[in-house]
Structures are given as structure tokens and as C-alpha cells.
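Supplied in C-alpha cells, the structure appears directly below.
Chain nomenclature is as follows: A, B and C, assigned in order of appearance, with residue numbering initiated at 1 for each chain independently.
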Amino acid sequence: MDKLSLDDPLFATYAIAATLMILKGVSMSWLTIFRMMKENGGFRSPEDVKPTRFNPNSSPDQIKPKDRVERIRRIQANDLESLPYFLVAGLLFVVTGPPLLLAQLLLYGYVATRLLHFVAYLTAQTHDTRAMLWTPGSLILIFITARTLVYAIV
Amino acid sequence: MDKLSLDDPLFATYAIAATLMILKGVSMSWLTIFRMMKENGGFRSPEDVKPTRFNPNSSPDQIKPKDRVERIRRIQANDLESLPYFLVAGLLFVVTGPPLLLAQLLLYGYVATRLLHFVAYLTAQTHDTRAMLWTPGSLILIFITARTLVYAIV
Amino acid sequence: MDKLSLDDPLFATYAIAATLMILKGVSMSWLTIFRMMKENGGFRSPEDVKPTRFNPNSSPDQIKPKDRVERIRRIQANDLESLPYFLVAGLLFVVTGPPLLLAQLLLYGYVATRLLHFVAYLTAQTHDTRAMLWTPGSLILIFITARTLVYAIV
């Protein structure tokens, strides 16, 4: 059977979870851009404070960190520490043929907790809240990866 | 049909785009190394300023940031915010069977704009130029991802 | 033949190498957490120094960098510059049907040198030692990627 067909509900589950997470991840770049435009700063490269068509009234201060921009960069870094691993772990997980309900629970569960974690981080909730929303996603990632490893070895 | 065969022009298109991007991404590590050697600094860890066979005349200044090294690190960070997502999004895109010409345009288009973006960043072009070369790649990534999501849901 | 079956020794080799590397990568997040708890600091977000149930005696100093935490962050950054590329490059490599022994040597070789590199980085060995352990993994990654590219083009 073709494991990489959207007709296969297991692969479709993975494809939905993976594409949602990629769209989420890519959005952080755009959110950084929007906040840099609104704050008129938070840039990173020396050449970014040169006057240009889109930045006619440039100033050396534009390269200083801005809180609202740095927050998105931290969220993006947090994504990069987890999403690329999830994208591959999820694919390996579904090709080993787990029960569909289990796959849906774990993959959509990961997506849901990551989105809630994003909201908590964006709105600067306490570290405790953020940790509580980060942990299930990480445990799901570890579980689906370890399960594939066990199946591959045995 | 075997979707993961290089005899399939769709998969071959993806494989070429993906491997070019991986080679590009990995090159940034080597470029960082070459620039650290040439600048004799820009290191990051406290232990990197200990005298060793390859660094006999070490100095505490070697751990200070060097502009030419930091530029490559920023380029590498920019890669990491996009390439891992592209690598998975591209695979999912081709297994959903898009028209070959569309796949070639989008995947090679992403590669081309990323390489141009790299040249613009390396040579410190203005933010406007860099943004103009970054945007098409990001839009391609969003498009191929969203298309897979729609196909998986419908 | 189903290339994504654990009955295929090539795919099983990849699955073992990939899952080991994902587990290694994810562990860095947990190691960061453990060290932040032990050092009672090294946090990153302004809201992390608010008093909470898990951090009742909070202090503004908790947001300052801590050496033992920053070391793990550097190791994690090093992982992120290589592992996501390896995870995709390895998959493309095995679906192009290399000899099993070659695949085992290269993929397990990558895993072994990354784990040794981790030990060297964690214990603050000299830059020379770290470089010696980093280089083979990067060369393996370049080789398996370039090989797929050549096969895809020819």
C-alpha cells in the first residue's frame, strides 16, 4: 500500500499536523517583520540602518533590540528547537502504522499544545503556565520517536 | 507507483532542490569556520581561547564577536528559520502529485531566491534588497504548505 | 517494494539513526531546563522572574546568563545547525538504495561522532578536540547529500 497517500487516514493526519506546524513556524518570520515595522526598529544587521525607500528616516537606534520583536524571536527559537524534529518524527511514526486514533491524539495533541504555548508566550504568561503547555508537546515528541526506535530495533 | 524514486520526475525535482538547500545550509558552518580562522577570532566558548596546536597564540579577545563571522551566523540563522520547513513541505508537496512544471517552478524558484538572498546578505546589500529576495521564497513555502493542507483536509 | 518499511534494513538503519538523533536533540531542551532549575537562573524572558508557584523566591538576577546553561544552549544551537539537515539528507540517501553496509557506516558513524562531539562540548574539551569530532559528521552529511544530488541529476 502507498503509505504516502492522502487517501491513507494515517498519512493525512500527519500531513495536516505537519503543514499546520510549518505554517505556524513560517508565520513567526512574518510576525517578526510586522513588529519590526511597527516598532520601527529591532533590526539586526549594520546595513539595516541605512536610509532606503522603505526606511527613509533611518537611525542607528533601529539596530537596538526591541522587546516586542525579541519576544517573537524567542518564540521562533523555541519553535526551531522542536518543530523540525517533530516533522520527521511524525512521518516516521505514521509509516510504522500506529492505530489511527492514537496518531490523531498524539499528532493533533502536539499541534494544540504548541498553539496554546504560543499564545501563552505571546501574551507573556508566567513561566509556570508556559512550562505546563510546553511539556506535553515535548513528551509526545519523545514518545513517538522512542516508539519508532523500539519498532526499528526489535 | 513508487513516489520516492528518482525515476519519478516530481521526486527528482524535490531531491535536487532539497539536496542543493542542504548543501547550502551546511556550507554556512564551514564558512563560519573559514572566517573564524581568517579573523583569528569570533569564537563562542570560553575554552576556545585556550592555547592548542591549532591556536598556539590564543588570546581572550578571540571570544569577542567579529563582524565578518557574525554576518555568517545571521545568514545561518536565517537559513534555519526556513530550510528545515521547506525540506518537509517540499516532500509533502510532491507526494500530493502537483503538475511537474508547477513543482519545478516553485521548488527551483525557492532555491534560486534563497541563493540570491544569500549573495545579497553576504555582500551587505540594503534591507530592501534582502527583503525583496527573501519574500518570494517565503511565499512559495507558504503556498506549497497550504496547498498540501487543503488537499489533506478536503 | 515499500521503501518506508522497517522490514527493509536500509530504512530501519535510517529510522534508528534518525530517532536517536531526534531524542538527542530533544534532550537538550530538558538538559537546559534541569540546569536552569539547579542554577536557579539563566532564564530568558522578562516574565520568568515573576514569583510563581515553581519560582516563589524570584529575583531579577535569574534572567542573567549562567555559564552552565549557556553551554547547553550552544550545544543545542550546534545540533540545530546539523540535525534537521541530516534527518532529511539521510532519508533521501536511503531511498536512493545505497549498499546497506555503506549506509550503516555513514548513518551510524554520523550518530557516533555527534554523540562524542556532545560529550566533548559538555565537558569543555579544547576547540581542537571538538573540531576533530565535529568534522566527520559534517563530511558524512555533505557526502550523503551530494551523492543523492548526483543520482538525481544523472
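By our rule, contacts are C-beta pairs under 8 Å (C-beta built on N, C-alpha and C of every residue); 3 or more make two chains touch, one makes a residue touch a chain.
These numbers were taken from a predicted model, which means no experiment stands behind them.
Enquirer: How would you label the chain B and chain C contact, same or different, if same means the shared numbers make up over half of all numbers there?
Expert: Mostly different residues.
Enquirer: Rounded to a multiple of 5, how large is the rotation, in degrees, that superposes the C-alpha trace of chain A on chain B?
Expert: 120
Enquirer: In whole angstrom, how far does the Cα centroid of chain B sit from the Cα centroid of chain C?
Expert: 17
Enquirer: Please output the residue numbers of chain B that touch at least 2 other chains, ranges allowed.
Expert: 4, 80, 84, 88
Enquirer: Given the complex with chain B, which residues does chain C contribute to the contact?
Expert: My answer: residues 1, 3-4, 67, 71, 74, 80-82, 84-85, 88-89, 92, 95-96, 121, 124-128, 131, 138, 141-142, 145-146, 148-149, 151-153.
Enquirer: Where on chain C does chain A make contact in their complex?
Expert: Interface residues on chain C, with respect to chain A: 2, 4-6, 12, 15-16, 18-20, 22-23, 25-26, 28-30, 33, 43-48, 50, 52-55, 76, 80, 83-84, 87-88, 91.
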